[in-house]
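Note that chain A is present in both complexes that follow, paired respectively with chain B and with chain C.
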Partner chain A sequence: MELNDFVKKIAAEFDETPVEKFSASVKFKDLEEWGSLTALSIISMIDEEFDKKITGEDLRSCGTIEELYNLVLAK
Partner chain B sequence: MYNPFSLDGKVILVTGASSGIGRGIAIECSKMGAKIILCARDLKRLTETYNLLEGQHHIIMQADLSRQSDIENLVKDLPSINGIVHCAGILEIIPVKYINSNVFDKIFNINTLAPILLTAQTVKLRKLLSNSSIVFISSISGISIANVGEAVYSASKGAISGFVKAAALELANRNIRVNSINPYQVPSNLLNKFTEVFTEVNMESTLEKIPLKRVGKPEDIAYGAIYLLSNASSWVTGSNLVIDGGFTLL
Partner chain C sequence: MKAYIKKIEYYLPESVLTNAQIVEKFPEWTIEKIENKIGIRTRHVVKEDETASDLACQAVEKLFTGSSFAKESVDCLIFCSQSPDYILPSTACILQKRLGLLDSIAAYDVNLGCSGWIYGISIAKGLVCSGISKNVLLVTAETYSKYLHPQDKGNRTIFGDGAAATLISDNGIAEIGNFVFGTDGAGAENLIVKCGGARNRYPLNDLSFDDFGNPKSSDYLYMDGASILNYTLDRIPTLVYDVLQKNDIGIEDIDLHIYHQANRYIANLQRRKLKIDVEKYYHCYEECGNTVSSTIPIAIFEALKDGSIQKGYKVLSVAQGLGYSWGGCVLTF
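Up next is the complex of A and B:
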């Protein structure tokens, strides 16, 4: 999966934040909608799309969407 | 000494006895005089539990309860028993939109199907003596409260709550009682699964939500199980015993 598609996938896990707000450099945890449900949804999306398990701690260690993308690829 | 809660001479099957609440229940019941049949998949950890039991004549019966054949073989080999405590359970955190049949089957097989089939087989093969007691370790999740990501887990426990009532009614003829215990979070491998995902869950915020200001211990749940297994609860069936430090009051 390309980075651009990954950004779209992350955007899709946010129900209220407009998709235009998302880019590779966005710090997703700073978004107002960020919370336990979005965190859980992203973990589940990565499991389904990449067949990789990331933890809450992994999410915590990432700032931008691109950093998360790289973390997933490195898993 | 007068003790209506004694389990002296009773033979109790405990599933999920290799860790957490199951291990705690096995240990406490042994201290009350019961002979314990320990059941779980992991022989090494079962043996650890075995070594923590008081008294003699306890048995280990290794089985993978997610397999129907294992349940059938286990029950076939069982001696006559006076009680079962269904503790084996799993927790998978998954949001509603990512639920699929794989995760559903995995959770329901262990939390719902296995204890129900095990109960059915023991009844069918008449392994439960008269005045027996079956205890399901359920959860307040799905009965009194809900947590984000626990929809399938809650459903699996809610199903148990329904089963307990109908089975209690049906088995009353044989003088077999069926009850459940609904605990709040007790530190265990199950709970680790939760905190793995929700790293922001910290002890302080958890304690604020518990009127009795501490998290549960396996023993807290075990004492409830002892009551439901003992003759002290001879007239109690079809009930849900909430053990949660007052969590559901808030």
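Up next is the complex of A and C:
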């Protein structure tokens, strides 16, 4: 999956934040809608799309969507 | 000898917590968001002076009301709960008296969470098949609402109180097939109430808040949602295939999947991961939430009532719970 598609996938896990607000450099945890439910949605999206496990600690260690993408690829 | 589920009944406490009430207290969430993501509309919660054993009594009374089956036939009572009335004695002993069961019966507690019903019917099957007991009354009852911090919106949204009574005998409506179990105590701290037992007898007053502003305290129920999610994603597919193998059947032979009803979110994930058709995956959390060890018997009761289970159906039931503890079996109706 390319970075652009990954950004779209992350955007889809946010119900209320408009898609235009998302880019690779966005700090997704700073978005107002960020919460435990969104975190779980992202963990399961990555499980489904990449068949890889990321932890709560992994999410804590990432700032931007691109950092998360690189972390997933490195798994 | 074979063992069967003979009858199931359940009881939910009268007080109801709606999504509107949750949103009133936690305005950062919307009714739609809770419904869409979690799939739960209402959950029932006990009053301050109501306990799991009170719910258990109601469920058992419903089981025997209008039934030709006499209470005197019960020769074993298993009470599965993590909300006992007291540290000691066993709540099952108190229930024997309250329910008017014979004093010649065996009665004891089993302490397990969401996997409790699967383990309970496995114990009952063992007792029936070995000739130790003829009619085992398994009561699952839980009141997690009593363990929740007032600011814990996540768990308050998911969990509901309730009780189910299941009668297991040498005849009945569903033959209990072969079981698969699993345990991994490494996950113990990911869903835990740390205080109140012998390790931490008294409150530790160590309240803090996690990254999402959710309360984390040894004195209340704590769940690490991300770890529990990963545990579910890890274990359930293997568990399902192991249970199928143990029963010598394939997934295509299963007419209905009735798993532990955690919430819509987990249900959809499991269903997609296992590639199960929507119509073969039963769900029943909308009006009662996650009632812990009673979710499967409640779902089976409702599936029988609405015709989702037909005679001859093979039903696969699996549950993953705190501990970690998991298990599953096949029921043939």
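Methods note: the second predicted complex is superposed on the first by the 75 of 75 C-alpha atoms of A that agree within 3 Å, B and C clash if a C-alpha of one lies under 4 Å from a C-alpha of the other, contacts with A are read in each partner's own complex, and residues count from 1 in each chain.
Methods note: a contact is a pair of C-beta atoms (placed from the backbone, for glycine too) under 8 Å apart; a residue touches a chain by one contact, two chains touch by 3 or more.
Treat the numbers as computed from the prediction; the structure is a model and nothing was measured.
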item: Partner chain in contact with A:Leu3 - chain B first, chain C second, else both or neither; value: neither
item: Touched partner set for A:Glu48, first chain B, second chain C, both or neither; value: both
item: Which superposed partner A:Leu37 touches (first chain B, second chain C, both, neither); value: both
item: Touching partner for A:Arg60 - first (chain B), second (chain C), both, neither; value: both
item: First, second, both or neither for A:Asp15, with chain B first and chain C second; value: second
item: Interface residues of chain A shared between complexes with chain B and chain C; value: 36-37, 39-41, 43-44, 47-48, 55-56, 59-60
item: Contact footprint of chain C on chain A as seen in their complex; value: 15, 29, 34-37, 39-41, 43-44, 47-48, 53, 55-56, 59-60
item: Chain A-facing residues of chain B, complex; value: 93-95, 97-98, 148-149, 195-200
item: Contact footprint of chain B on chain A as seen in their complex; value: 36-37, 39-41, 43-45, 47-48, 55-57, 59-60
item: Touching residues (chain side chain C, partner chain A) in the complex; value: 28, 33, 36-38, 154, 211-212, 214, 224-227, 229-230, 233-234, 265, 269, 272-273
